[in-house]
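Let me begin by handing over the structure; questions about it come next.
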Amino acid sequence: MTKVYKSIAVGVEEEKRIITIYYKPYIRYEFSAGQALSRYLQELKNGRIIGRKCNKCNRILVPPRLYCEQCFRMTDEWVYVRDEGIVNTAVVSYITQDARKAERPEVVGVIELIDAPGQGIFHRINVDPKEVVEKTVFGKRVRAVWKKSEERVGDVNDILYFELVKS
Amino acid sequence: MEAESYLYTVGPLAEQFLLSIKNEGKIKAAYCKNCGRLFLPVRSFCTFCGKEVNELREIDQEGVVESFSKVKLDSFGKELKEPFYLAYIKFRNVEGGLLHKLGEVKEPKIGMKVKPVFKESKERIGSLEDILYFRPI
Amino acid sequence: MSEVAIIGAGYYGFKPITDEVSFREGTFLAAMRAYEQCNIDPRKDVDSFIACEEDFNVGIAISNEFAVDQLGGVLKPVSTVTSESLIGLASGYMLIKSGLCDIVVVEAHSKASNLVSPEKILEFAMDPVYERFLNFHPNYLASLEARNYMEKRGISNDDLALIIKKNKENGLLNPRASYSITVDLEAVKKSEKIFDPLSEYDIAQYTDAFVVVVLASKEKAEKLSNKPVWIEGLYWCSESSLTPLRGFSTNALELAAQKVYDRTNLNPKYIDFFEIDDRFSYRELMHIEALKVSNKDTIKKDLREGRFSKEGDRIVNASGGYLATGVPLDAGGLARVYEAFLQLRNEAGQMQLKNANRCLIASWRGIPTSTYAVCALSNGA
Amino acid sequence: MKTNINIKNRVAIVGAGMTLFRRRLKETPQELAFEASRVALDSAGLDVKDVEAVVIGSAPDAFDGFHMKGEHLSDGSMGYMKPVKRVFVGGATGVFTAIAGWWHIASGLYDIVLAVAEEKMSNARPHPQGLFKYIWDPIVERPLNPNLIWIFAMEMHRYMYKYNIKKEDIALVSVKNKRNALDHPAAQAAANISVDDVLKSEVLVWPVQRLDISPVSEGAAAVVLVSERVARKITDSPVWIEGVGWNLDSTHWTSRELAYPKYLEEAGNMAYRMAGIENPRKQLDFAEVYDPFDYKELHHMEGLQIANKGEAPKLTKEGVTQRDGDLPICPSGGLLGVGNPIAAAGMMKVCELFWQHRYEAGKRQVRIKRGYGLAQAWGDLMQVSTVVITKT
């Protein structure tokens, strides 16, 4: 027999009547970005994308890492890559982070960088949602659109979004 | 890295425990039919023998201070304007006990007998905060 | 002879702040050192990896996601044990004993310097109905326990000062002991008892540390290492995390230690040195009792006679313990394994103890838990 | 991986139990863990005294709202004065809890181990989905304000693009599992729906719609694991754990091919090798594949090599995966139908193995012809899978 304990289900209205305990947590962090990502963020501020190259497998890792996870060794050098790539996947979001309805749909996806094959960046893509639904955006070439240099702070949001490269 | 806030359910038997504080001004303990233990804090299972528990029983309201400390820092590590005595209090024939404040006391002692002082019944909401503190007998 | 050995161990950090690395980079540096020591390639030689971490200590909701690349574990059996790192070590031990794995890597780290409010994180571990409402700094749970214990044993703050002095000064020879200092007993006595009856001296601070340990089966260990350190026995045990239910007890540690003694046919007399949790000064004494290194009637006398010092006959925390190195969150158990590993291989430099052939390690997860692990290590001599 | 398949000690499942899965339950996390444990122990005819060690599985601490959730759950999980350990591999935790229980016994150190998984998701306000932002990289991803569903939508869409798979074919999974769940006594989201209902449901993150997703749930599930010696003594019908596998891919999901779960192939191979299975499509009787989203069932069937790449929708369409098909997938009703209290949902799948093998699944019963069943779970940043293979 499938043994199921008859736990007590509570409806949304009923929850207001039973005793519950309210608690407001306070948990904050100041993360060390580390050597690789610190430089990455610094270069974003300069309007450039930088990666780390592993001279054993010859891959360029973006976002950069101090170590090559495939070869298990320290990566060897810093390499700038163009802010252009190919759309690997894309979706249209109609909801916010905490599951509320978004004011307007937002397209996000993974952009595989031209100069760092196999390495993708996760970001917003400024494209008609129709292109996503019809899957025509897949494989298309896109380029980063940056904030003005005085507005950049060293954050992934220094890139506003990626947009289609007009051919 | 947490939610904005949490709303915890307290469990079916602990709810009865909190209601008896609210409605009767009484601290009750959970009673395990299987092993015969009375225990606090109240939960709907017996930690000791692993059986379901669904009964509360009245206990002697007189407690004994097992230990105490003068609390000077709050949960943020900030200095409290009004330090208070935190105590661990046990009750006769009851396993476990309760953490609470001591009041109306100058120099607490381990082994001191205390009893709970409740808020006015209309102010009680069904929480351990319905007990203002424990005071010496 | 035991079937599982430690063949490599490496670390990075043991400093109050390690801003120069991310937690992943720090772990990578520790892992590289551990692998180099036993000359293994994690991409080829390791069968499984275990990371010991808690989400709220890392700051990521599923910390396991971020545990893999820096260990060389990509596309391998990697998992997380959310517990004290000695309990993670126990998992590696069991994986080898089962016959499934020959080499297992266990990792733990602390990036405590990333935590803005460690006390609020600890409060978040307490019970929302029965504990959190009082709004006190979680260290007061230790205060209650300390007063209860001190009263029962007739131990004074002067006695606790002896532990503080012993451990903080033992650490002076330990490169990992960032909090070691020479201790002026008078200054300790005068310090404010902010966590009444404890002062800041009685409470170990946090540290950043990254520790990686390589375990191997007997066959592999003998092939890869000329100085394997054998795991003779281990056990772990929890009582209840609910302080008001449990009261002040180290029953779970006592049981864990007894199980290890029973399984290995050892008793404290056969153990050359002890590395045990001392995150609160009085706790070292409670743990000594639970491990039967002393007992309730003799503990005060043994302490005052210096029997737990490096010159004594029951050496406790020759490394300096947490009071000297700081508490590296759940990496504490592995940190102690690292200290024992050096001693048992006669590689502890100025700290080296004579005749260090067998060590007992006891770890605790700190307040509000009652989770302990005990591990007996030996160099086979 | 040079995993040694000469396991010294065989392990059996001898009891299983669970709570209701619901959006909101009155019990505390400890109490839910207790209820599932108690029912599982009773079904094995064992007492708390018999349990030698406990393994707990639970997903992010942020859901229940407890730091060190394993410590909080321990005495509810029959762990008082016992060795207790919590394991955690994101969504894959439920099945992994059984795997960790397995290695306790396979090591020869323990004979009777309780494996318990629990999740309480509705404590968090305003919505538990908000918590998922903390699963992303705090430096390069969190600043983009991601929603959990984004990554799954990105994976789903890549899968659809690469193998040219249609939404209506994916929706068949949701229809099947929610219908299967009508026969599950703990089910939260059982329903008789059509493909059209799925396609017309609210679009959350295209291509993910409301009915493609499992619900927010609370609940617990547990199994009792024992050594061969004990199993022979206490039951005539032990369910043997013949294979276990787990595998974790790189954190950097943006540099992985999302259309195919390579890590699952590796985890599956590890378990198949141990169980001596060479052709899963032919040798398995049924599989409880992880299905938090409908496309995931298809994705996972392919990773498990039950279907060729891109061909799981075809098997589904042909009815192979129906309860009366040749290889039933998710006869329990899965996460889509029974509910998804994360770790507990994975453990529910292990419970289902137990009930199916013992012919205790009632109306959900599938035919056991060849003797093998499989449960699988998946998690982290689309990067980890855990697999258990059982045999009658």
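In this document, chain identifiers A, B, C and D correspond to the written order of the chains, with residue numbering beginning at 1 in each.
As a convention for this text, a residue touches a chain if its C-beta (ideal position, glycine included) is under 8 Å from a C-beta of that chain, and two chains touch if they have at least 3 such contacts.
Treat the numbers as computed from the prediction; the structure is a model and nothing was measured.
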Steps needed, at fewest, to go from chain A to chain C via touching chains: 1
Chain pair with more C-beta contacts, B-C versus C-D: C-D
Approximate Å spacing (C-alpha centroids) for the pair chain B, chain C: 33
Averaged-CA centre spacing for the pair chain B and chain A, given as whole angstrom: 47
Where chain B and chain D are represented by their mean Cα positions, the distance between them in whole Å: 39
Shared-contact residues (touching 2 or more other chains) in chain C: 55-56, 59-61, 68-69, 74, 117, 120-121, 124, 127-129, 132-133, 240, 242, 245
Of all residues in chain D, the ones touching two or more other chains: 24-27, 38, 62, 65, 75, 80, 126, 130-131, 134, 138, 250, 252
Multi-chain contact sites of chain B, meaning residues that touch two or more partners: 1-10, 12, 14-15, 18, 47, 76, 127
Chain B contact footprint on chain C (complex, rising order): 55-56, 59-61, 117, 119-120, 123-124, 127-140, 143-145, 147-148, 151, 194-197, 240, 242-248
Contacting residues of chain A [partner chain D, same complex]: 1-12, 15, 18, 23, 25, 29, 31, 33, 37, 40-41, 61, 63, 65, 69, 88-100, 108-110, 118-124, 129, 132-133, 135, 138, 155-157
Residues of chain A defined as touching chain B within the complex: 8, 10, 15, 18-27, 29
Contacting residues of chain D [partner chain A, same complex]: 16-20, 22-27, 32, 35-36, 38-40, 42-43, 65, 126-127, 129-130, 133, 138-141, 143-147, 149-150, 153-155, 157-158, 160-161, 184-186, 203-208, 219, 250, 252, 254-255, 258, 351, 355, 360-362, 364
Complex interface listing, chain D residues touching chain C: 1-4, 6-9, 59-62, 65-72, 74-75, 79-90, 96, 100, 103-104, 106-109, 131-132, 134-135, 137-138, 244-252, 262-263, 266-267, 270, 379-381, 383-384
